[in-house]
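Consider the two complexes below, in which subunit A is the common component and subunit B and subunit C are the respective partners.
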Partner chain A sequence: MDDERSLLQYLQHISENVSPVDFYLIADNLDRFLAGALVTLQLTFLALLFGGLFAVPLAVARAARTPGLNPAIWGFTYLFRGTPLLVQTYLIYYGLGQFAVVRESFLWDPILSSPWWCVLIAFTLNTTAYTTEFLRGAILSVPNGEIEAARACGMSWWTRLRLVVLPGAFRRALPAYSNEVIFTLHGSVIASVVTLQDLLGVGRWLNGRYYLAYEGYLTAMVFYMIIVFGITRLFRLAERRYLGHLRPREHDELLPMTTSP
Partner chain B sequence: MNTVLEYKSILMQGTLVTVSLAVLSLLLSVLLGLLAASLKLSSSRMGRRIGNVYVTLVRSVPDLVLMMLIFYGGQALVNHLGGLTGWWDYVDLNQFIAGVLTLGFIFGAYMAETFRGAILAIPAGQHEAAVACGMNRCQVFRLVTWPQMVRHALPGFSNNWLVLVKSTALVSVIGLHDLVWNAVSAGRSTQQLFSFLSAVLIIYLCITAISDLCLRKLDRRFSAGVERG
Partner chain C sequence: MIIRKLVTLCIAGALTLSGAHVFAAEPLRIGVEGAYPPFSKKEADGSLSGFDIEIAEALCKQMGRECSLVEQEWDGMIPALIARKFDAIIASMSITDDRRKKVAFSEKYYATPTRFIARKGSDLELTASGLEGKKIGLLRGTTYQCFVEKHFPDADIMLYNTQEDVYADLVTGRLDAQVSNSIQAMDGLLNTEAGKDFAFIGDDLDDEACLGEGIGIAVRKNDMALADEFSAAILAIRENGAYQAVNDKYFAIDIYGN
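Entry: the complex of A and B
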């Protein structure tokens, strides 16, 4: 307890006398930033979860060139990949209220009038579009021989998809997916624009409240960096685990055998 | 729909702001990207470290956070320095300039990675051969590295440009009267936000579709004589 107080006093001292950045104020509001980080992580995680769930069947339909579905899905992904996430969020949060039908429907009160749900819907649709496209690429890059072998074993289309095509495609899509996760995290700052208190929202609140220029944004920035480094680390571990067979061999195990007489 | 057409000129003005913002930031980002890529590939350890910090920092922080930091913090910093040195009075940083600087700064880091990869994709032997032929550094870059680098960098560059165009929407948050800002204010006053925002979506789709077309043409031009895998 004593140590903590002396640390705070130390922070207060340097904030008032030395540093242009008020560390004391940041330390004082750290719990708010943690709550903001929770909102950010929650939105990112849920958007990725639902986006991933929707993207798998869409990508399969697109890779299989299902008539009718394929162009429709292409149109959806083209629309969401070709326009800014900010405008998509605005369209859902502000735009839908233009229609009386929407305002009077049962969805309005709990869902479409709440910024949290609107942001989640926009993020989910956005990440679904991106994930669908690179998952489709990954599915198409599954070697033909694997599929032929599975057919020769007598597997049905569904079994083939479940046991051969999708596991291979998921592995191949892993590096691209780490980018998508980081992009979704970065995109989640848009939540702060529609009044949510995510990490950036807390930063903006702090700066507005105490009339500051740096502190809130800098703290949010550090938090985002920590989260991104955590995600990158996790994906590196996952790639070691699931793409281990593609890694260059670290030490040559054949060497002793060739030199032995 | 008719209301949107009535506000056509405002939307066009906003589109002009958005496009010029995107093009100017692209120019800045290419300059910064070339600089950072050459820093990262340089033999100086300090240079590599600076390049690495810049690229890693920018790519791990969301663009809107950096934009607000540069717009609000940068303004405070400029005025703080002005107050300390007495060299200039209160400066009001223009949103357009802040937007160009921020987007250029952010996408410079992405461009740096694209350019670095493109330069590394050129076999080292070509550089050595050019030096052995007696070319100086400038000639090597202009005649050997640059033409091939452009080809290798084009796919990444196209991607960066498309992301950049979409990021320009964020400047409306710091108050620049771009396409999104104009559409939202027009939509608010007419109570037709959905129609106006749909128009914005269509305009953005047109911009991305046109640039996609142009970039594909450019790609074909620069890949002339190269086998496609």
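Entry: the complex of A and C
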């Protein structure tokens, strides 16, 4: 307890006398930043979860060139990949609210009136579009040999998709997906322009409340770096596990021979 | 060793730069906003107009200085001043003690009351319990933020980047009420088609610690001479009628206050 108090006093001393950055104020508002980090993580995770669920069937339909569906999905991904996320969020939040029809519909009260839902919808549609496209690429890059082998074993289209095509495509898409996760996290700062108190929102709150230039942004930055560090770590573990067969061989000569010719 | 020399050089360079004085020959850069009608707004052709803008021009003329206007979003105003993006802020900024820790102010150039606005017929009570859980919208980094956080800690405070965004969400019904400058709100909302169902609620807000002592011109703390120059110019244009001419163009009453 005493240690804690003296640490805070030390921070206060440094902040008032030495440092250009007010560490004491940051420490004092750390709980707000933690709450902001929670909002950021929540939005990112849910958008990725729903986006991933929607993207799988869409990518399969795209890769299979399903008549009718394929051009429609292409139009959807082109729209959401071809326009900035900020514009999409503004359109859903401020744009839809302009219409009395929308405001009087059953969707307004629980969903479209809430900034949280509007942002989640925008983020989900955006990440669905990106995930669909690179997953489609991954599906198309499954080697023909694997599919022929599955067919030779008598697997139906559905079984082939489930047991051969998709697992292979997921593995191949893993490195690209880590970028998508980080981009979605970075894109989530847009939540702060429609009043949500996400990490950046809290940073801007702190700057606005105390008329500061750096403290809020710096603290948010550190938090984002920690989160990105966690994400890249998780993906490295996942890649080790699922893409292990693609890694260059290590210590080859030390491995015991398991089979003799 | 080389690195240490480089660092010393950099520091020396930075000191020289920060020590450089603003010469009278250089145009004075004024930070203004553009989303706060009728004090400042952007015309369709991109030019700025409004009370703040014209007062800035009148003051520069009075001071015999050439001025250039620099547009800046509200919540970055003070940081941008400190970072020398401009030399003074003429953007309806209230003079408060909190801000005095960061910047210096001229004497006020106007003073208007701050008030709540809600939908007509709203039964909101402006008490701590009356606003508990109610969504109150306001512009980020304003005196209103200080006021609402201090007096209505249990209200659900929603922070916006521009005053126009606050009005937009009040009109759609996302907000139960909003707080802002009453004169600005007349032009920005209440006298417009979108604002016809809205009205002031409660009296003029009163808390000098939060709401300040009127609207002044902010300069960097070490530019006190510039603040004094502005204060003298404000009094001068009050005397010679230039202030009145701008005032009457925008308002039916004299907004200088007492």
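Criterion: the second predicted complex is superposed on the first by the 252 of 261 C-alpha atoms of A that agree within 3 Å, B and C clash if a C-alpha of one lies under 4 Å from a C-alpha of the other, contacts with A are read in each partner's own complex, and residues count from 1 in each chain.
The rule is short, and it goes like this: a contact is a pair of C-beta atoms (placed from the backbone, for glycine too) under 8 Å apart; a residue touches a chain by one contact, two chains touch by 3 or more.
Owing to the predicted nature of the structure, the values given are computational and were not obtained by experimental measurement.
J.: Putting subunit B and subunit C on the same copy of subunit A, do they fit or clash?
T.: On the shared subunit A, the partners clash.
J.: So, does A:A176 touch the first partner subunit B, the second partner subunit C, both, or neither?
T.: A:A176 contacts neither subunit B nor subunit C.
J.: Name the contact category of A:Y94: first (subunit B only), second (subunit C only), both, or neither.
T.: Touch status of A:Y94: both partners.
J.: Give one of first, second, both or neither to describe whether A:V21 is in contact with subunit B, with subunit C, with both, or with none.
T.: A:V21: touches no partner chain.
J.: Between subunit B (first) and subunit C (second), which, if any, makes contact with A:P84: first, second, both or neither?
T.: In the superposition, A:P84 touches subunit B alone.
J.: Have a look at where A:N207 lands relative to subunit B and subunit C in the superposition and call it first, second, both or neither.
T.: In the superposition, A:N207 touches subunit B and subunit C alike.
J.: Check whether A:R103 is in contact with subunit B, with subunit C, with both or with neither, and answer first, second, both or neither.
T.: A:R103: touches subunit C, not subunit B.
J.: More residues of subunit A are touched by which partner: subunit B or subunit C?
T.: B
J.: Once the structures are superposed on A, label A:H186 by its partner contacts, choosing first (subunit B), second (subunit C), both or neither.
T.: A:H186 contacts subunit B only, not subunit C.
J.: Under the contact definition given at the top, report the residues of subunit A touching subunit B in one complex and subunit C in the other.
T.: After superposing on chain A, subunit A residues 94, 97-98, 193, 204, 207, 213-214 contact both subunit B and subunit C.
J.: Considering only the defined contacts, which subunit B positions touch subunit A in the complex?
T.: Counting only subunit B, the residues touching subunit A are 57, 60-66, 68-69, 72-73, 75-77, 80, 162, 166-170, 172-173, 180, 184, 187, 191-195, 197-198, 200-201, 204-205, 208-209.
J.: In their complex, what parts of subunit A are in touch with subunit B?
T.: So the residues of subunit A touching subunit B come out as 20, 78-79, 82-88, 90-91, 94-99, 182, 185-190, 192-193, 200, 203-204, 207, 213-214, 217-218, 220-221, 224-225, 228-229.
J.: Which of the residues in subunit C come into contact with subunit A in the complex?
T.: For subunit C paired with subunit A, touching residues are 75-76, 78-79, 82-83, 98-99, 101-103, 137, 140-142, 145-146, 149, 158-161, 165, 168-169, 172-174.
J.: Which stretch or stretches of subunit A touch subunit C in the complex?
T.: 94, 97-98, 103, 113, 115, 193, 195, 197, 201, 204-205, 207-214
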